[in-house]
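Next come two complexes, and both contain subunit A; in the first it sits with subunit B, in the second with subunit C.
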Partner chain A sequence: MPGPHPYQLVSARSPLVWPRRGGSLSIFEIGIFVACVAIAMIGFSQNLQDIVVLTFLWAGLALAWNIAGGYAGLISFGHAAFFGIGAYTSTILFLRLGLSPWIGVWCGGLLSAGFGAGLAIICARLRGPFFILSTLAAAEVARIGALNWASLTGGPEGLSIPPVAGIANMVFASKTPYVFLMLAFLAAVYAVTKGLEASRYGYYLYSVRDDVDAASAAGVNPLAVRTAAMALSAGLTGIGGSLFAQYFLYLDPTFLISPDLSFQFALLAAVGGLGTAIGPVLGSFLITPMSELLRSYLGSQAAGLHLVIYSALLIVVMLYFPSGIVGALGRISGRGRNL
Partner chain B sequence: MTAILKVNNLSCRFGSLLALNDVSFSVDSGELVGVIGPNGAGKSTLYNLIAGALSPTAGEIVFDGRSVTHLKSHQIARIGIARTFQIPKPYRQLSVVENVMLTAFQREKSVGRARALAVAILSEVGLTDYVDAPVATLTIGLLKRLEVARALAMRPKLVLFDEIMAGLTPTEVATMTKFVGDLPARGITVIWVEHVLYAIMKTASRIMVLNRGEIIANGVPAAIARDPAVVKAYLGEEMNLA
Partner chain C sequence: MITLGQLVLSGIFIGSIYALMSMGLTLIFGVLRVVNFAHGEFLMLAMYGAWAITRLLGLNPYIAAIAIVPAMFLFGAIVHQIIVRPALDKPHLVVVFATMGLSIFMQNVALMIMTADLWDVPPIFDHSVAIGPFYFKAELLVGFVVTILCTLFLRWLIRSTYLGKAIRATVQDGEAAMLMGIPVQRIFLITFASGSALVGLAACMMMPLFSVFPTVGLNFVLIAFVIVVLGGMGSIEGALIGGVCIGVVQSMSSYYVAPAYGQMFYFILFLLVMIFRPNGLLGQKGAATLGIND
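The block that comes next holds the complex of A and B.
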């Protein structure tokens, strides 16, 4: 059977068509962004604005986690350490040297990226659960370090940023600037993610996630790719940590570098849809307001009940929507993952 | 012809098992060399050593005039040695074309051009209708073709095929045999491990027979089919190549 198509026998079209990836934005994504800007401009009450700030920030952090966990398959339960390193770096630079947080934020990101790269170089050769455990352990080291290096971190008492409002201090009297700050962070991490998806570096991440042997046989250096993915993910998480410090104005090591926070980044991404750009955003938009509202409505009457409801919902999502909100929406709309 | 690959006194030991014992051979540029032998003979070990997935206990591998004995897999791939896997190892969450693009990136840095190259290679192996399909929908025969497409997308100088015929229908074997047979004319040297003997015996210019980690025969297919040692170790009876 000569000719350009030697396999003419197979002519049946495959039933499923996987959509192309790309850097362009869909109408759905533009709609979400417009809605975010609208929500940021509406003058909500202080309590509601607090929820909006956290929703945007956690969405950006879930996206940052997703670069390592979703795209590169480096499931990390230690990202709170990078969050904490970012928060401490900008705060200490401001308190000790008077360095403006607008610069300190980048320092926090760079230092976190360095630690992320180091962790990947040491631990990324571990497969599956062993890598996950190593990230958990590394974050514990960071937490214990922050608790005990009191001369630098303030120890268990933590650090406070003086609430002196001013643009140079990145401290604001009203919550509205914070809403826009966090939205800018979210949009920036989203842009990084979309750019990654559209470039060959994004494909390198998929390849080491799906089959590392095939990836090396294709000329992809797994260690370099994993190190870069972890550094980018950790760096963005560190920037988020610095921004959180500027919003909260108080650094508590047991909250900043807690496994709870690491799990939260991972859960928001998983609930939304791992390895998708819009997934972690939708995950945060669904889960963060819900958990904050549950906390404020149930917290006073039945302590802990909000956590029970929150956890039950997570179990339901993982049982019935294993590919997250994005997978469920894709099935309903028949558009696959191309939302 | 000049030797593109030289293997000198290569040995590989796993604990008490000597998987390869002092193996030496060379492959000329433009050859199509078949490698046969019973299961456990050391064929996969040999591939893993050449491709850099394993490091040898002793010996040397020379490719294109330079020693590549201790290079890692990705470095071996970058200097022009491609391989397929006996059990296909696709990227499960990617589409067929994306699977091929990942090797095409070695030749084409832009996503658009890598995709175009991948689509062209896919049409060569008859996967045009599956370009955008998720890889999970492919049958074993199609996955074997995908392995071949991925290896060729990096435009290698030397390609190591590992049982690309297993699980194919007779018609598919015939077309794939012709396709592989045409590769040396396109400047691609081929080493081919195969159990589907009639395919490899007709196509290869030379056959090497491995048994218990040693090369027990090395010659043209007609001589191999009659070699008493090969018959005893692997074939069972003389092969009629007519």
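The block that comes next holds the complex of A and C.
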């Protein structure tokens, strides 16, 4: 049996995250929230509002990913599967049974949470790359399933939600209600994350992430903790998927359950700062508008340019600022703990 | 019976080519304990290289290997120095995200330069080869023979040369190896570059059989991950056996079941192996739960 990697012995255990604090909000966080509400109130043009909607939604989803990836140490590259399950569940319930998406969203969340828990029970004892590869494989199974189970999911053609505006349908004619909807989602996921940080359960997550053996010796059940974290993360991702479906009104399986989307959740969280509440939000606020603007201005001439910039940024951030924007800001201001 | 034999044999041949593609990944994992998520894009790059040499110089991909293999060795060395080496002493996540970033970067640069079009090379041999009652594409047989030779060569290299001894010592205990005067950093560099050279060779064997496009790596890297895990991560012979298993599963399921579900089969096979034999079919005990994460 090979010994541990030399560099893991040599290097000091440098956690990627800042020391935890209680669940209270700092002035910085309140300031960001006020700015978000102000941005939501201002009537921008349709294109800009589109970017605002996506920025809020991806921020919420990166936060949801962060509960598993940042807090519990379960790096998943399969979260697009939960996103897709949420989107399909609420849409299919609405199209087949006429169930209002306001209820369907919760069904999607619950079903995703169930799948998340199942995946965690199967895979959570695997470590490092093995867990990552298993989540990738599970998402591929979901994607191939969605593409081929045409009687339920519409197969490769996807599903369309009729664009009939109405509060009961959760379909709106203007983009402003969507801005508030996504902001509410972001605020809710943020509240869950802060609540988690402050709770006893948050300590379980940190202990299992940082040292499984010590955590089990102290009486924490790693499998239960990881399963719950994955279920929570998957459930919130599923809710995000349902909201996405209500915004786009069209479900395309090759986009919904693509590895690219899974990577995106992880990248936003990693660039912002893993295991922090504000990190994924800052990550999305920085990257989503940039990549959307680049896509809309350069899109047709330079397909892929926004992703080239995106990925180059990721490499630089990971190599030089492994604790993300939050860590970099903390290093500059010397007040990282106050963020 | 003839059909079954034909399916099994073509599965073995195509699987051996998949195995060749996975050997670099398993070698790098075995020694450096990192998963190179950009492995598929290395394959894509080398396939474009083989395609360009074939088209521009009028040669064929097998001759292109003479240039592609050293070029990929060099490319691997550069990537190691710039991206992998600085990430090695940081938490495991860093190398995962950095190679993931490299993968997206290479995919999209290829998309910008080469567009999303599919490119392929003309067939090299104009007729099939008959073995008894079975017929095969000659390109498949070439790939199979090259894979076997490559496996034997790597086995010899690791078991019987000084370099191989140094690699094995590094795998067993990196710190002790360093104290014995083995240049561990250089071993890492050579391993990463050799893994890239191997995927370059695989690309030259695959170019006559598959088209190349910017996301070609994604399709194959998932197969490579499955093979590497099946074979027990880090084992060259294991990769060969894992590759053959996948090849047979793929050729049987695309004949007896729909081809689309064939892909699903090997991902389910992969998850089953992870659940019941997380060390792979031949893998060392405890590999999957070894503290790679810590």
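By definition in this document, the second predicted complex is superposed on the first by the 317 of 339 C-alpha atoms of A that agree within 3 Å, B and C clash if a C-alpha of one lies under 4 Å from a C-alpha of the other, contacts with A are read in each partner's own complex, and residues count from 1 in each chain.
Note that in this section a residue touches a chain if its C-beta (ideal position, glycine included) is under 8 Å from a C-beta of that chain, and two chains touch if they have at least 3 such contacts.
Please read all numbers here as calculations on a predicted model, not as lab measurements.
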Does subunit B (first) or subunit C (second) touch A:Pro259, or do both, or does neither? second
By the touch definition at the top of the document, which applies to A:Gly275: first (subunit B), second (subunit C), both, or neither? first
First, second, both or neither for A:Gly43, with subunit B first and subunit C second: neither
Kindly classify A:Cys123 by the partners it touches after superposition: subunit B alone (first), subunit C alone (second), both, or neither? second
Which superposed partner A:Gly98 touches (first subunit B, second subunit C, both, neither): neither
Tell me which partner touches more residues of subunit A in the superposed arrangement, subunit B or subunit C. C
Check whether A:Pro162 is in contact with subunit B, with subunit C, with both or with neither, and answer first, second, both or neither. neither
Per the definitions at the top, what is the overlap between the subunit A residues touching subunit B and those touching subunit C? 1-2, 4-11, 14-16, 211
Report the residues of subunit B in contact with subunit A in the complex, numbered from low to high. 51-53, 72-74, 77-78, 82-83, 85, 89-95, 98, 101-103, 105-106, 109-111, 114, 123-130, 132-134, 137, 142, 145, 150, 154, 171-172, 174-176, 178-179
In the complex, subunit A touches subunit B at residues 1-2, 4-21, 198-200, 203-204, 206-207, 209-211, 213-222, 275
So, in the complex, the side of subunit C touching subunit A is made of residues 29, 32-35, 83, 86-94, 96-98, 100-105, 107-109, 111-112, 115-116, 171-178, 184, 214, 218, 222, 225-226, 229, 233, 258, 260-261, 263-264, 267-268, 270-271, 274-275, 278, 284-286, 288-294
Subunit A contacts subunit C in the complex at 1-11, 14-16, 73, 75, 122-123, 125-130, 132-134, 136-138, 140-141, 144-145, 147-148, 211, 259-260, 263, 266-267, 270, 274, 302-305, 307-308, 310-312, 314-315, 318-319, 322
